[in-house]
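The chains carry the letters A, B, C and D, assigned in the order they are written, with residues numbered from 1 in each.
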Amino acid sequence: MSDHLLEIKNLKITVATRRNVLNLVDNLTLAVKKGEILGLVGESGAGKSMTGSAIIGLIEKPVKISGGEIWFKGKRIDQHPDEVRGHEISMIFQDPMMSLNPLWRIGDQLIEVITTHMNISHQDAIKKAKHCLVEVGIDPSRMNAYPHTFSGGMRQRVVIALALAPNPSLVIADEPTTALDVSIQAQILDLLKQICKTRGTSIILITHDMAVISQTTDRVCVMYSGRLAEIGITKEIMAHPQHPYTKGLVASTPQIDASSFEKMLYQIPGSMPALDNIPSGCAFHPRCEHAHDKCRAERPEVLSNRAACWLLDANEGQ
Amino acid sequence: MSGNAMIRRFLKSDFFYDFTHAPIAVVSFVVIMVIVTCAIFAGFIAPTNPFDPSSLELMNGFTPPMQPNAFTGDVFLMGADDQGRDLFSAILYGLRISLFVGVMAVILAMVLGILLGLTAGYVGGWLDNLIMRFADIQMTFPSILIAMLIHGVARGILPPELRYEMSITVLIVAIGLSEWVPFARTVRGSTMVEKEKEYVAAAQLIGLNRWQIMVRHILPNVLSPVLVIATITFALAIIAEATLSFLGVGAPRTEPSLGTLIRIGQDFLFSGEWWILLFPALTLLALALAVNLFGDWLRDKLNPRLK
Amino acid sequence: MLIIILRRLFQALLVLLLVALISFLIFRYVGNPVENLLGQEATVAQRAALEEALGLNDPIHEQYVQFVWRAIQFDFGNSYRGALPVADLIASRLPATLELALTSAIFAMVFGVLTGIYTAIHRGSFLTNLILSTSLIGVSLPTFLIGVLLIWFFSVELGWLPSFGRGEVVDLGWWNTGFLTASGLKSLILPSITLGLYQMTLIMRLTRAEMLEVMRQDYIKLARALGLSPRQVYFSHAIPNIMIPVITIAGLQLGSVVAFAIITETVFQWPGVGLLFINAVYFVDIPVMSAYLLLVGFVFVIINLIVDLTYLAIDPRLRDSQLKQEQ
Amino acid sequence: MSFIIANHLTRQYDLSDPWIVRMLTSNKRKQLTAVDDVSFSIDKGTTYALVGESGSGKSTIAKMVVGLLAPSAGAITFDGKMINDETISKADRQRLRRRIQMVFQSPYASLNPRWAVGDILKEPIRAFGLFDSRADQDKRVNELLDQVGLSARDANKYPHEFSGGQRQRISIARALSSQPDVIICDEPTSALDVSVQAQVLNLLKTLQKEFSLTYLFISHDLAVVSTMANKIGVLNEGKLVEEAVPSQLFAKPENPYTKMLIDAVPDFGKV
């Protein structure tokens, strides 16, 4: 187990509304290895961002972690996230236009983060800050510039530099390219891959885009209605998805394909269940064409270390 | 939709659920209702008619609450003022005037504010600039000053014999005109947000004109903040009425509003007749506080971000 | 940056001219200067002569220009009562109002911002709820009633503080101040609290709302995700970002303190311009009313200019005139 | 035969400072050209897609085609008639409007939250005077709901009771309610989840066949466009840099910008 940097065991995140308690994340178990990019993919309401916030301890009332454990480098951190936040685990967010304090020079924002987490002199902090900017591809002479003078893509680079400054071993990237144009998205994803490779930093990439996942991540975890649907090596999952939901996701993602406009896209019927109305048994069963009685009655476990689906059970039995 | 269905819908709504589960909201709502009912039925509840000079017995002047008067033996629940007027009755009748002025002033401010705000926000351009610059300037002058100015101007224009008769109308106009700005600003702000939304573009696509879009599509969507402001402005208007009456430019002494009663009471506070000030003041506080609490709850409810 | 300042100055000028127009219209049409100056027994010829002398027969826009020109030279005509020059009346009473307004403005600003930030940071705590509910009682009581109650408690019952007037005043020639004597300072306490309380509540609520709004921003989320301490998050990231809206509204509120002083001055018999105005309204003394209006407009414009300059100091985005093109 | 022709379409925005500031600083007038001399034509019953990143001017073109925005220069012809013609009569303009409708990007902002779905769908029917009696209007609403895969009961519900995908269906039903010939689809699925996106795209295709609709499809997503369009125009900073049928565009992009755009699209095949 030593190659596991982060382990989440049976994580449960709930929010109490006035009428009932909703499960945002329900019994999620997964692990992140050292130096890998793990994709967390799912549609809106799948609980992927919540999971990210839970790891870094940014869950706020009325949402709370009501069960499970989070272990980081052999230490349990769900009770004391402050000890690792920023220093060991860092996070970047979706909208780079809003992520930087508009009143501060970017250099000062970097230096603040560096001096907070590292016991070094101001001079060294400046050096370190410049180094970080170079690493993300920004001219260090722009240390004294204010955020509003940067474009969206450049701001996301600054945010990445901020996250990397204290040399964390895990960065959680929550939809880091969703607000950006495709051409910029490609650059930012390349930057993340490069950081993972050169620094050995593990990255959790949260996204709704299967294509981004397939191009960027080593392993992927597919979530549905706050639950784990399927987890495994990205290439294998893309080529041979086991869970019907993953299959549907892969098949319904449009591809550049000159001939495809003659055909209909594959479509998953229905829509994601509302949080206060999650179906019994497997949450996906009303939208699944293979669903049988057991799917309606019992919640599937993760089978073959891969997918939470009773169909796998049937396949194994054969 | 039929009225019944609307009511059922309302009873099932989150809004109603939250209301019944917020003790402060319920209590303040009940307090407002009780006060309003008392004011409306003052004629049945009040033991005397305080506006009728012939019913006043000067001997009853300064009778403390719940103590028989030394000369006449009359007992007053809340005491009597210098004229021998029953304070309890005076407060009930005074409430009527205060509430009437408050409601009418809010309606005036609201209509004016919605009209100007909607136009400024939707039409934009120089009209928007003109309206909002004017609002900016007016905002700098506290509403009391504006109201006094309007009052002063009205006194200058109206012939002296009409001043007295028109005093309530002048109060309403003065307070109403001084409180339209918050309505206009809010409505303009929401209108500018709403008009960029695509349902407005969809309405333009089917050839609706400006006014149809403003009234049918945008107006219903900018009303909920107006409700909050109306509530808070109502409290402000009652306080403004009291203040103006206190300053001597409001309701006349013969038909006193709450503010006039407090003004009378202030003269006697330092000589020991505390009840003449205290009871009207407490009534005013209870009413304004209840309205403010309800408005506060309403704001949190309709704008959950500010919780 | 220069452009912004110039533009602001230009707007300020427009505002002043507009206020001047309103006060001119009141001056010209509401009162009847001739009747007021001559009384009702004057002959037609006398009236005509005075109308001519006052320029009342000139075209209206020329009269307006004349009015503005005289106002620039601090000539607001004579008060109908006592026939003293309005400018002298106001000048003799302005120090009292300005000292009162300044004291209560500082009081309102300091306590308003502090409690606003406190109640936003410690959401739901006992003290927060106490402050918030007390403030609601504060806005539900008319200012004059608060003044009356303060007098009753601190002056009548306890006898600690004077109940009216400015106390001893030191005359500095062009200014008379109550700041320099013990009785002057003591006299300031109750009126300043009375005047500042309402503004304080408004500033507190605004600060709190802005603070809560800023705390929802992504850059605060990022600052927390980067492991900065709550102290750093609040003081170096959140609070600077609420300063612009807070200064804007606070500035406007403080501007209105001068005008709001009317009520407080009445309650405490404070010899300022507010009391002058109140009496002007009673006696329909139009020149005083219109001059007072101009004065309040002028204070507003000055405060607005200061507020705008503070923006530039706080927000780098506004210092860059290129910004607008980018967004 | 070209159904819609856009001829040298240009749209400029005036970003100049007010004149007084220009006088003081001797700055020149500034113009932002959002759409720069764009020409294209769409055949009846086909889908023409405009692709571009943010700021490419694609939404501005959409607005000009439906007549929400007037071009600074150039013209749009629809079925032989000029759109944005100031001289045409009110009745003619209304007739034109009926034939060109639009589906918007945001499933949340495009439906008036205070209106029941039935009323939302009836508004165009009434505005264009399509059915006079209430009964006929109700019947038409049910028919529309059925066409987009919703049920007749949904007419009494309000937009907030629907999911994003369902709202987009309502939006499509509203566009269909005036029986148009052309529908402008402005990023109709970019706010939707993938699984729902597929449903909406398929629905658009089905409806196109059924009613021989002509689509102008605006999108930033080349992958989505490739599944929808007969012809694709690539926009960059207001200019139409390349126009081709999909097979040609994806196989042999000629313009370097197009090439860069295609390369940047993440793709399962490139793992």
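Please note the rule applied: a residue touches a chain if its C-beta (ideal position, glycine included) is under 8 Å from a C-beta of that chain, and two chains touch if they have at least 3 such contacts.
This structure is a prediction, so every number in the text was calculated from the model and none was measured.
Under the touch definition stated at the top, chain A and chain B share these contacting partners: C, D. Without chain B, the rest of the assembly holds together as one piece through touching. Taking the mean Cα position of each chain as its centre, C sits at the greatest distance from chain D. Chain B and chain C, compared by their mean Cα positions, are separated by 24 Å.
Chain A and chain D have Cα centroids lying 33 Å from one another. Distance from the chain C centre to the chain D centre is 52 Å, each centre being the mean of its Cα atoms. For this pair, chain B with chain D, the centres built from the Cα atoms lie 48 Å apart. Across the assembly, chain B contributes no residue in contact with two or more other chains.
Here chain B touches chain A in the complex through residues 14, 17-18, 21, going by the rule given at the top.
Considering their complex, residues 56, 58, 82, 84-87, 90-95, 98-104, 112-113, 116-117, 146, 148-149, 159, 162-163, 166 of chain A touch chain C. Taken together, the chain C residues at the contact with chain A in this complex read 217-219, 221-229, 232, 236-237, 240-241, 314-317, 320, 323, 326.
Touching chain B in their complex are the following residues of chain D: 63, 66-68, 93-94, 97-98, 100-102, 104-106, 109-114, 116, 123-124, 127-128, 171, 174, 178.
Every residue of chain B that touches chain C in the complex is listed here, in rising order: 133-134, 136-137, 139-142, 144-145, 148-149, 151-153, 155-157, 235, 239, 242-243, 246-249, 259, 262, 266, 269-270, 277, 281, 284-285, 288-289, 291-293, 296, 305-307.
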